[in-house]
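Have a look at these structures, which come just after this line.
There are two complexes below, and they share chain A, which is joined by chain B in the first and by chain C in the second.
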Partner chain A sequence: MKRKKLKDFLIFAMFVFPAVAFVLFATDIPFFMNLYYSFFNWNGVSRDMAFVGFDNFIKIFSNDGLFWKSVQFTLKYAVFYVVIVNAIAFVIALVLSKEKKSSSVVRAFYYVPYIISLTAIGLIWKFILGPGFGALYDMTGWEFFDWSWLGTGKLAFIVVVVMTVWQNVGFYMVNYIAGIVTIPKELLEAAQIDGATRFQTVWKITVPLIMPSISICMLTALTFAFKLFDVIMVFTKGGPANATMSVAYNIYQEAFVNGKYGLATAKSLVFVAFVLVVTVIQLRVTKGKEVEA
Partner chain B sequence: MKRKVVAVLMCVTMVGMMLAGCGSSSGSTGEDAKSDSGNESKEEVVLKVFDAHAYGLEQYEEMVQQFEEEHSGVKIEVQHAPNDYDTLLQARVNSGDIPDVFDVEAGTKAQSYYEYAYNWTDDKENTDSFHEDALAGGTDAEGKIMSLPWTYENMGIIYNKDLFAEAGITELPQTMDELEAACEKLDAAGITAFALAGKENWVLSQLVTHFMMDKSLDAKGVVDKIGSGELTFDNMPNFKNVFRFLDLAVKYGPAKPLEVDWEISENMLANNEAAMIHMGDWCQSTLDSFNPDANLGFLPCPVSDKKEDTTLLSSCNWTYIVNKDSENLELAKEYCEFILTSDMGQYWMCDGVGAVPAVKSDKEVQGKLANDAKNYVAEGKTNGWIHTIAPTGYGDAVGPMIQGYISGDLTAEEVTAQMQAFWES
Partner chain C sequence: MKRRKISITNVLVFVASVLWLLPLLIIFLNSFKPYNDMMQHFLALPKSWNLDMYFETWSKFNFPTLIMNTLLYTVVSVIGIMILAPMAAYKLARTKSKLSTLCFVVIIMPMMVPFQSYMITLTRLVSKVGLIGTKTGYILVTIGLLMPLAVYMIHGFVKNVPIELEECAKIDGAGKLRIYFLIVFPLLKPILTTVIVLDALATWNDIITNQLIVGSNAAAMNLQNALYMQFSAQTSDWEHALPGIVMSMIPSLIFFIVMQKNIVGGVTAGAIKG
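== the complex of A and B ==
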């Protein structure tokens, strides 16, 4: 009996330990170093660091308008992004999960933006919003095309949402399709025979049965939204007038542009705590709704 | 049983490999530290160089080759980092991989690296070969020379001579009123007067410094006085004119001012689509690539009603630091001197980059703008840079404020108050 336990443990360790070690070196240890730095006043270069206790945290909560503005932006963005990307991906997945010859080709189309490099995507959208919209305005005369999309705070927000949804929708779509194809056909047929409408079948059968997919997609979308950085870095640089300043970009700027490494690490910790709470709540809510067929 | 043994073995090897990976890297740094006298050993010596820009790369390559030929057994390992140099350099310094020779922007930025820098103060022979004002940019609080200057960089308004002629402007505008008149003339001739890069925080924040300048104090005096509270953005004589300037730039500029990035800005100027931009002579090679025949020149920025107030801001922005703890300190010093003062180095700066070297030199400079600026420098019409000695984060704090003004979200008074608040924080 004892031997079996030991054996189980060893097999367990064999699979888990290497991964744990990597996570430890790449994430956990830096995290604790972060914690350490957050109590210091350090410019990120010097050998000397001055211990300042909780000063950095006090500064964040008392006198950092830009950080809270970026929190506001990130929250607003997260709501829009999570809802829109999941809704669209789900609808597309419903349509494309039908076995048709064309559907695999169309799936590929939706997935392509997800694998293009971000720099190329930046260029594509620069073109769409610049010469692309310009030409459309000349053709149609619609005011809509002549707006300064990247030069106005509110419009730039919309651009960031649309662009990231467009880029990532394929990923969520694949997840949803994977969930939908596992639903037993009998259930859907039974519902049809009972006279359920198309909408009723989706709402009462498909949605409850793919709840695991939904909770995973929600979680990835939420963490993506909270970590929003690369698109901002490549595309808007937080502008115009800080209208698209995400928390991650603000932290980056604080650390590497303003040279306040300690303050930046403190900010990142505040945000980690916040994200942790939100994701735990989100997981609880969606997990509670999972059912079995 | 057999399986268990295999499992244990695999575990051990995996862990072992990981530890070995960490161990070997730390071991090698230990060895490096020991082999101090790299010069005498027969083995190849590698000099690590970090170059924070990528100007005149071909000439740089030739320069490296010559140095390697003159010093057998020496290998120069250059990292050019035109984007995000600061982040990269910081990462290297923090991980203990400090380059032997590296350059940073003079001023506040450079000062944070001075604790790693070799002190040149006693190397009279070398430092005497530089222009005195250029050397001053590389000194610490006590006046010790901690870094060596590269080239002069000048910024102001760059204008298109052909378009000015086309609009019938014969005399360059020197006051705000004359600038407005020039804009009207250009407009009447159907020419876009301005292509200010409103998207770029750095361009906007640099533009603002013209209106902060006080000729009697120069850059350092102005920054000191703002710091001590003697000078505020409210009582600066010319500061309110920045808003008049911006109004002109928006009125006589492209329809979407905040979407104009530096590339569009420079492109429009070089291809005769806009008459003026705010930029420095560092963009010479980009302008040449857009249109080598563009007829461009510097226009000192009008900031008030007085002709003598116009400013062209000039500074040796990039400054080279030699790591004082370098294993090959002598070689690193030699390389730094080589690229900044030798004939080959001057060839790189004058021909490759097209800029005026900080070292005293008779060589002809290729860049048209740099030559243009030379005249103003000779007439004593230039001042130093404010934005590099301002509090850190100046560009990314001020740029968005100006964008706010351009988009109409902030009033002139609000921007003025925010500028003051930024400085005081």
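== the complex of A and C ==
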């Protein structure tokens, strides 16, 4: 009996432990190291680390204007991104889930930006907004093309929103289509026979029935927005004048540019707590609205 | 009347889809032009489709090495995930014990925590074990980072695979390893395809992890990181940057076209089930 138990354990270990080891190494251990470092004043390189207790956290909450500015930017960005990307993706999905023949090519068109690397995306938009708009201004003389799109805070914000929506809309579209095709045809027909308008049908039938898809898309969009980092790094670097400084980029800068390692790890913990709280609230809200067909 | 209304929205969605591709098309057309032509004939077709700048970029920026590196990372990471993730996911789904629950939590916890919050200490840890700047270090980290989602998705799928098949095989006297490799693994094909697509694209397109772990060690850089380092500093070199971008996108595009059915239909399969 004992031998069988040991054998079962060994097999379990063989199947599971390698995966666990990789995850521990790449994510869990670094995360817990974070907890430790956040109580120290340390520049990331030198040997001496001074234990400072909660000083780093106090500093964040009392005296870190840039961090709170980045929080503000991130929240504002999240609102715009979540609403716009979901609205556009939903409308596209509504149309494309009906069109059988031509839709797979069109779907692919919308999806393509999503599979392209951020390096390419960043450079593509830099090219279009820089030399591209310059050339278009010479051609047309429209003021619009002459605006300093990456040099003005407000415009740079718009550019970041447009660019991320453009890149990601395909992902949400696919999710919505997956939800919409599961709706039984009879329900839609019944609504039509009862004289519902197209808008009513969508609002009263489609939307409640695809709540699981909506919930997933909202959550994905929200966490994407909060974690906004790569785009900022390859594209605006938080500029101009910190107008597009996201929380995650602020943390990165604190550690790798300013060399305030301890402070940066403390900030990242505040960031995690914040993301978790918002995620849980969001899940509660959308889960409560799900219905069965 | 009603049909008309629908078709206006339809037309909009179809027209907009072309707009969606426009930035890529512009890059493609301009990649064949000398800089002056980009400025003066921005929207025009190139005067000639010569590939000189492509060849020059290819050799000047060491594309063969970069592509080999990126290919190596992508292939090894995906194979690593394909071996380890389904084994773990399967065993975790079929075992009910405290240890099993604990392992599952350890594996999926990172999904709730943003990568940016521990990337600083991750870099630190990798340098402590002496793997910073190495290909090995980068591959190990990549597999570790891709693992949680892979295990989570496969785990959700395994729960819907009927256990009776395994029981039959057991009665027939098959050992646990045989059951897994001969019976369970082939059944996982749909979800494994999805995971391969996701992970291959993620690795091919990765830039942040490569930058953190490999840093400025040119020999171990991947394609995206090298292009980023090269062109984000001096963006005026568009004559090389545009062919570079186009060449870096071609493999993803080919992969996308080949796997299109799985991507546009399959990416969500795991997500919705979860």
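Observations
One rule holds in what follows: the second predicted complex is superposed on the first by the 265 of 293 C-alpha atoms of A that agree within 3 Å, B and C clash if a C-alpha of one lies under 4 Å from a C-alpha of the other, contacts with A are read in each partner's own complex, and residues count from 1 in each chain.
Convention: contacts are C-beta pairs under 8 Å (C-beta built on N, C-alpha and C of every residue); 3 or more make two chains touch, one makes a residue touch a chain.
These numbers come from a predicted model, not from an experiment.
Once chain A of one complex is fitted onto chain A of the other, the partner contacts of A:Y110 are limited to chain C, with no touch recorded for chain B.
When both complexes are overlaid on chain A, the residue A:I29 reaches chain C alone and has no touch with chain B.
Using the contact criterion defined above for the overlaid structures, shared-chain residue A:P240 touches chain B, although it does not reach chain C. Once the two complexes are laid over each other on the shared chain, residue contacts for A:S148 go to chain B alone; chain C is not touched. When the two complexes are overlaid on their common chain A, residue A:P18 makes contact with chain B and with chain C alike.
In the superposed model, A:G259 makes contact with chain B only, not with chain C.
Annotation for chain A, partner touching more residues between chain B and chain C: C.
By the touch criterion stated above, A:F229 is placed in contact with chain C alone, chain B being left untouched. With both structures placed on the common chain, the touch criterion links A:I158 to neither chain B nor chain C.
In the superposed model, A:L10 makes contact with chain B only, not with chain C. Within chain A, the residues touching chain B in one complex and chain C in the other are 11, 17-18, 44, 130, 256. Residue ranges of chain B in contact with chain A, taken from their complex: 3-4, 7-8, 10-11, 14-15, 18, 84, 86-87, 90, 93-94, 112-113, 115, 198-199, 201, 255-259, 392-393, 395-396, 399-401, 403-404, 407, 409-410, 425. Those residues of chain A that touch chain C in the complex are listed here as 11-12, 15-20, 22-31, 33-34, 37, 44, 91-92, 94-96, 99, 102, 104, 106-113, 115-120, 122-128, 130-132, 134-136, 138-139, 166, 169, 171, 174-175, 178-179, 198, 212-213, 216, 223, 226-227, 229-230, 233-234, 248, 251-252, 255-256, 261, 264-265, 268-269, 271-272, 275-276, 279. By the touch rule above, chain A contacts chain B in their complex via residues 6-7, 10-11, 13-14, 17-18, 21, 43-48, 63, 129-130, 146, 148-153, 237-242, 253, 256-260.
Within the complex, the chain C residues that touch chain A are 2, 5-6, 9-10, 13-14, 16-18, 20-21, 23-24, 26-27, 30, 38-40, 42-43, 80, 84-85, 87-88, 90-92, 95, 99-100, 103, 106-107, 109-110, 112-122, 124-125, 140-141, 143-145, 147-148, 151, 176-177, 180, 201, 204-208, 224-225, 227-228, 231-232, 235, 238, 241-242, 245, 248-249, 252-253, 255-256, 260, 263-265, 267-269, 271-272.
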